[in-house]
Amino acid sequence: MNDDLDRQNNNIIANWARKHSLWVLAYGTGCGAIEVPPTMTSRYDAERFGITGMATPRQADVLLITGYLAIKTLKRVIRTYEQMQAPKYVIGFGSCTINGGMYWDSYNTIKRLDDYIPVDIFINGCMPRPEGVIDGFIKLQERIARGQAKGWQHYQENLDWYRANQKKVIKNWTMPDYNW
Amino acid sequence: MYLDPVLMIAVPLFAAFLIPILGKINKNIAKYVPVLVIGFNLYEAVMLLPVSMIKPVIVIIAAWRPPLGINLTIGPLGNMLALIISLVGFIVSIYNIKFVEEEPNEKFHMLFMLLVAGATGMVLTGDIFNLFVFLEITSISSYALTAFIRHRDSAEAAFKYLVIGSISSTFVLLGVALIYATTGTLNMADIAQKIQSVDPKIAVTAMILLVTGFGVEAEMFPLNGWAPDAYSQAPTPVSAAFGGIVVKAGMYGLARLIFTIFNFHGIFYFLLIMGIITLLIAEMSALRQKQIKRMLAFSSIGQMGLVMMALGLATQEGVVGGLFQMFNHAIIKPLLFLSAGYLVFYSGSKNIEDLDGMGRLKPLTSFFFAFGAFAIMGLPPFSGFWSKLIIISETIRNGFVVLAALALIGSVIEAVYYLRVVGRLYFKKPHEGERTHYVHPTAIVAMTLLTLIVLFVGLYPDFLMTYLKPAAAELLNKSAYIKDVLTAGL
Amino acid sequence: MDSKLIKEQEIKRNINNAFRSAEVTVVRRRRISVRFRAGILPAFISYLKEYMGFVHLVMISCVDWLEDNQFELVYHLWSYEEHIHAMIKIRLDRDNAQIKSLSSLWPHAETYEREIHEMFGVDFEGHPGLTDLILEDWSDLPPMRRDFDTRAFVAETFEWRKGREDAQDVRQTISARYGETIPEFKKDK
Amino acid sequence: MSPMNIIWMIAMPFIGAAIGLLYIGISRNITARVQNRFGPPPYQNIIDIIKLYSKKTAITHGVMFHLGPVLAITGTISTLMFVPILTGNYPIYLFSFQGDLILLMYIMVFGCLAMALGAGQSGNPNSAIGVSRGLTQMFGYEVPFVIALIILMVRFDTSSVLDIIKAQDTVAHWNIFRSPFSFIAAIAAFLGMMGNKPFDIVFAPAEISSGPPSEYGGKYLALMQTNRGLFAFVKLVLYTDLFLGGAGDFITLILKTFALFLIPLFIGIVNPRFRTEQAMTFFWKWPTAIGVVGLVLVLL
Amino acid sequence: MNTIPLILLLLFGSALLAYFVGKINFVLKVGIALAGLLVSSYFFLTLYGLSEKFIFHLAGFELTWQINSLSWFFGMLIFGLGILVAIYSTVYMRGKERVDFYCFALCTTIASMFGIVVSGDLLSFFFFWEIMTWSSFLLVIYYRYEAQTAGIKYFVMSAIGAYSMLIAILMIYARLGSFSFQALSAGWQGFSLGTQIAIIILFVMAFGVKAAMMPLHTWAPEAYAISPSSFTSLFSGVLSKMGIYGFVLLFYVFSAGKLSASFVDIHGTSLPGYILAWFGALSALIATLIAIVQDDAKKLLAYSSVGQLGYIILGLGLGSSIGVSGALFHAVNHTIFKGMLFLAVGAVFYRTGTRKFSELGGLISRMPYTFFVVLLGIITIAGIPPLSGFGSKWLIYEAIIQKKMVFLAVVTFAASTASFMYCYRLIFGIFLGQRDEKYDDVKEVPWAMRGPMLLLSLFTIYLGFYPYHLLNLIAEVEKTVLGIHPFAYGQSVLFSRFGSVDTMTVMNVVAVVFVIVFVLFSLLYKRSRKVGLKDIHTSGEIPGEEINLHYAIDFYQPFSRGVGAVLKRSADRLYMNFASNMEGLFDMMRYIYTGNGQTYVMYVIVFLAFVLAFSSWLI
């Protein structure tokens, strides 16, 4: 199965199309959500890269986590991520997703997003400016084109590890199983 | 083979006086006497039927020929009505065997015999004074029967009936006196012959007095104030007998008067209008009644209104329809009263509200009631359909489309209130509480008989029509009647 | 006391007339503070609401006096007529913190009470549903209590990113991991 | 049936979908320019569709969910088969002799209803809300649309699209000039049909997370997007046939359809969104009133 | 032995037999009813193409029973759906109380409907009409406790209709002295204009009530909703067609198609026909609008029935061959699709015990056959090609547009579009969306219930691409009975002056395209994985299994806000107000009988005085 996936990951046409058509589901937690609208609108116009906002995870390719995640919201994020259709990418946005940022000692905020879902690109900054965001997207595009943005595959392969991490913070695990 | 028709009056009369004596010997015998006696009457009526259809049977009593002596005129009409009366009487008396348990029951049976005797006398007699006498016999036994249940409501109803009935009797007597004074005869055929020469003003006054008198028994509006009370307070068989016997006799008297004795065409229009008014007001009043028997009483009035309307048309078909309707009413209304009686008996209340869910507790009785309701609404294939059809058809043929429409509106209202009761029987959940679940076979026999007659006539109306046509012809053909009576015994 | 604070003084008098045990302090213009017993709090607050015109419950807050082994609940009320802010302060025993709920007086008090229950572990009697509000399935000490050691908790629950325990430059680590060139920061002119 | 006809039958859905998708791409670009942005390339939609088709997973909620897009595109392609596409020397009639305008009106709905059924089985209440809005709006815009078509049918005494095209032999005879009322009513309905800006409450992304297709992803969404492009093309061709005298060759066809396409586009760019009942009642006010005027005129 | 009385005797006989013998056990009563139906339908089939007559006398009237192509056409519907309903009932009614009563009433209803269509004279027509009324009334009140108001409303409105018909019949009888249809069609020209108008209005009232024509429809929703579903299918599918049959008789047989001779023509249609067409169109529109906001599946279907019957009435009113053919075609379609939809809703009710959309949902995976039936049903009802509903609607539309009745056309088309809304609501509310936990164990209905539904759905497909045989039948009816020259049609092509449509091609195109797309997309392309209905995007929130997110309450809320003004008006409320006012009046009448003896005596005296005073008028 993995070979098959790899072969498809290296499909040039598909990767080209994926690269130029990034449909973003912005998970607007924290202060980062405010940076997304300028990115999309006239000044920075992310649409010229084929980046468009989407309303549902079923249709989206990129999950944009725009800030700190409390444990309660982490649960929703995992759920949303699992509802997305592969290939799918995650962008961690801002310091909070990297190491907790200013919430480094909060009892209720996760510190490392990539412990729970596979992150393809982190954009650092508190908060990153739209230029940074677009730069991150372009990095992601490059990785897609090279067939390197395989976070979703990583998740699939190491689901047990991710689950263990997730269950460590989410005590009462009521989520439906992720059936591939 | 028929016996002397006089026996049809004499035997019940005699039996009526015999019953108290028999009752002293054994209470149970008294119960069965009415069945036998009225059964005999029924036999007589049936046996007479083929004969009287061809030519009226004139019975001359004590060898005095018609204008002078008292006679019985058994024409098709009289015979038909006698048949109806004895049929209803017979069936009701079967029902009575078990239903009337209350003391003194032999008196009840006696009065009932008197009622039948009187009514039979009314339809058979050819003498106007005899008509009055039999009317009085019928009325007085009715008053007594109304008050049979010793309850203040019954007594009140009976008293009302008594007051109105007495007044009406007085008017009848006045009318008879007026006629006798001007024509000098009491024989109806003779009067009919001689009335031509009487001053029309006097004749019309006499007629109005008589019409008023008989109108009370025939439940003409507004003379029918006694009816709702009497029907609802009398014992059930008596209510049935009112519908099937008393009213029919009264209607016969009315018809005989206006068709045979008098010769005023205006009275037919009057009858037509009174008929429709009676019908409409009765149906409207029935709609909001709370007691089932009272509702049936109003329905009965309404049906008589329809009959009056039919007779008021004064055409062959119209009168056939009217007589057909009388027959239907005489059969269906007892069915309704008898079944309602049992329902009331079992629910322990006269109110319609308390009949909720009886369809479940008393399926058979409720079925009979529903059947009767459907029949009296005039739905095919029950008998009520044909009579209504003929009447409405004839009304329209005579150009009274509006009257027909009004009569049909009456029918719609009738449908509403009957269905409301049927609805309560079947749709509502029964009230809580223990009830006896028992109908005596006699009652079932009585109601089944009525049901079968309804169905038979509904599916094969021609059988009845063959007898109704001569009856209607008799009413309309006045000269034949006069000739038949006056030449009898010659 | 400032003679200008007539309204405040009058309210203080009125409160004291009704509830002798209430310690009313006029803090400053438009602000009074009341200390009261926990036992008949609903009666007192409904008196303030019905008769004194304090119809608006602004919020409920809680202070953890660890040294006194007490919680202090502060009910902030506002009177639209007099434009006065009243703080009703209730001291509760820290070990067995229990008080009657005000949700029958103000439905929105439910939310505050849920939060205080969650964060401090104060039990509100008569509350229709003291369920989780912000935290889900919290099994530790209520986190806002002062004896809750946040850093220990964080260290135990979450993993720190390697190399990010302090504020060092991690670009080298990342580039090593993903094989990307490190962009040079452009110096501002 | 000539081999050429069969080739066109097979090719036309692909061509149509490509043209329709390009138009939608261009519309995105134009919208961006109006908003002072650069915007995506015109072929962006085609990239999107390739991406969607190359998605590795797709979820389905059940049989109807699966059949919804399939039936939708079935309906659209069937509609295409009954629309005369080119009428010149090398006509593409497909099956348009076997059907008429009334058939078109109804078979156009086939796809929408199938889509609604598929969305219904997704189990997502947002989809159902979207469908409810969509059907309500459809009831709104069908009224002026029907009026416009009745005007044409009564005026030309035929319900055949080919006959209507034939009657518009010169530019002066185009229905846009001969029956302007009909055209206005029809174009108002067209706005609703295209789901462009004032009437896009069906797919309101921020409100009901893009409505009916909210559970569709991967290949299903790809099929739906294809359908969207193709359906836009079919509608444009039909309107061209009815009001602009049809097209003799592909260049004319593209010019005319693009001209028609610009109308809802520009109206959409500058307008905010209607609520559902506002949309519905809007269609029953001005477009219907204009249509009724046309009806009265055609009777006279 | 003549066949018609034999059939009637068989049917009525099996009704009585089912009632009395059926007391013994369940199989017997249903078996007898079914056997009676099957045998009589065999005899009925032998009547095809014949024209028999049976004349006899009853109560002094001459009665005629006859069969012709028109009777056969409607008889076909009666027996066809009747048998299917009887088969369906064998399972549906099992375990219910009073099945003997049900079988009796069902057989009686079918018998009386057959009686209506074979009646060759007005009297037996009326006779059977009334039997039909009360026997169907008995079925309406089958669920007795809830059915009271609905039943009485049905009966009273039917009675009003029937009595107005009676007046019309007797008016005719008074003028012609005969009840027979022939005499009537021969003598129609002799009637004065006023008489004609009166007769038409009275008949239209009678037939309009049965055909649930606005504004005489108010009984229909409740009566349909409350009667047992197996019967509702027959009720809506066939019994309402008796009203349509009446309209056919009135406009084409009684008046011999010569209404134009006495009335002005509007767009080539006689005035009564034109007015009727408008009534039909408005019923179609308004009923459809009301149907959209219903929550009860059967009420929705009931209003939809009113609407679809409106189309049929409209087609009949137009009077052209294409319109009448469309109407008769639509009548057959309506029988089929309403039959199957009511049976399907009955099947859902059988398994779940409710008909409310707000309580159902997501049954598609549990009852796939029923879903399929409903799917085909709604496609047909909405008139979407390629199923049969399109053919009939196409004919009706062509007829309207040919006559240039543009406003009529707008109303009709609008109604048709609105019908998509309730169609979707029906299928969504029951089968799509999320399923409540309590319906997880629901199973598909038994084959005896599935069979009739599936058979009917096969018919819609068959008629959808090959309506030739049916059109032959209709043409036969038009030629021999209605005196209309039939329109042109091919094997599967419908022609009008305007255009043509080839139903076979439409069916083929749709089928081929579907197969190609399906194969490419579903079989050859990569597979998708199945997830549960609860696994939906809810902004990350994870609703528990017990939370049902089925959107069914106030489904078309924006719509109700938009057209609320129309929906607020209710003919039903008007009638009920009238009725209650009348009852108030009657209540006052009651006080004429005061219960006071003195008053009664006063009445007697006043009466006497009054009559004496005006006695001179009597002389």
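A, B, C, D and E label the chains in the order they appear, each numbered from 1.
Just so it is clear, a residue touches a chain if its C-beta (ideal position, glycine included) is under 8 Å from a C-beta of that chain, and two chains touch if they have at least 3 such contacts.
The structure presented is a predicted model; accordingly, all values stated were derived computationally and were not measured.
Colleague: Quick check on the contact graph: shortest path length from chain C to chain E, in steps?
Modeller: When the steps are counted carefully, the minimum from chain C to chain E is 2.
Colleague: Applying the touch definition from the top, give me the chains sitting in contact with each of chain B and chain D.
Modeller: E
Colleague: Sort the other chains by how far their Cα centres are from that of chain B and give me the top one.
Modeller: Following the centroid criterion, the farthest chain would be A.
Colleague: For the interfaces D-E and B-E, which has the higher count of C-beta pairs in contact?
Modeller: Pair with more contacting C-beta pairs, D-E versus B-E: D-E.
Colleague: What is the identifier of the chain with the smallest separation between its Cα mean and the overall Cα mean?
Modeller: The most central chain here turns out to be E.
Colleague: List the centre-to-centre spacing of chain B and chain E in whole Å, with centres computed as mean CA coordinates.
Modeller: Between these chains, centre-to-centre, one finds 44 Å.
Colleague: Taking the mean of the C-alpha atoms as each chain's centre, how many Å separate chain C from chain D?
Modeller: 58
Colleague: Roughly how far is chain A from chain C, going centre to centre by Cα mean, in whole Å?
Modeller: Averaging C-alpha atoms per chain gives centres 35 Å apart.
Colleague: Measuring centre to centre with CA averages, how many angstrom lie between chain A and chain E?
Modeller: Taking the average C-alpha coordinate of chain A and of chain E, the gap between them is 58 Å.
Colleague: Could you list which residues of chain A touch at least two other chains?
Modeller: Correct list: 56-58, 75, 180.
Colleague: Specify, in ascending order, the residues of chain E that touch 2 or more different other chains.
Modeller: In chain E, 529, 531-532, 534-535, 537, 539 touch at least two other chains.
Colleague: Could you run through all the chain pairs that touch each other?
Modeller: Applying the touch rule to all chain pairs gives A-C, A-D, A-E, B-E, D-E.
Colleague: In their complex, what parts of chain E are in touch with chain B?
Modeller: Result: residues 57-60, 123, 126-128, 130-131, 133-134, 141, 144-148, 151-152, 155-156, 159-160, 163-164, 166-167, 170-171, 173-174, 583, 585-587, 589-590, 592-593, 595, 597, 599-601, 603-608, 611-612, 615-619 of chain E touch chain B.
Colleague: In their shared complex, at which residues does chain E touch chain A?
Modeller: 529, 531-532, 534-535, 537, 539-542, 544
Colleague: So in the complex, the part of chain D that touches chain A is made up of which residues?
Modeller: 28, 32, 35-40, 44, 47-48, 50-51, 54-59, 205-206, 209-210, 213-218, 221
Colleague: Which of the residues in chain E end up touching chain D in this complex?
Modeller: Touch list, chain E to chain D: 362, 364-365, 368, 371, 375, 379, 382-385, 390, 393-394, 397-398, 401, 404, 406-407, 409-410, 413-414, 417-418, 420-421, 423-424, 427-428, 431-434, 493, 496-502, 505-506, 509-510, 513-514, 517-518, 521-522, 525-526, 528-539, 549-551, 555-559, 561-562.
Colleague: For chain A, which residues are in contact with chain E within the complex?
Modeller: 27, 56-58, 73, 75-77, 79-80, 83, 174-176, 179-180
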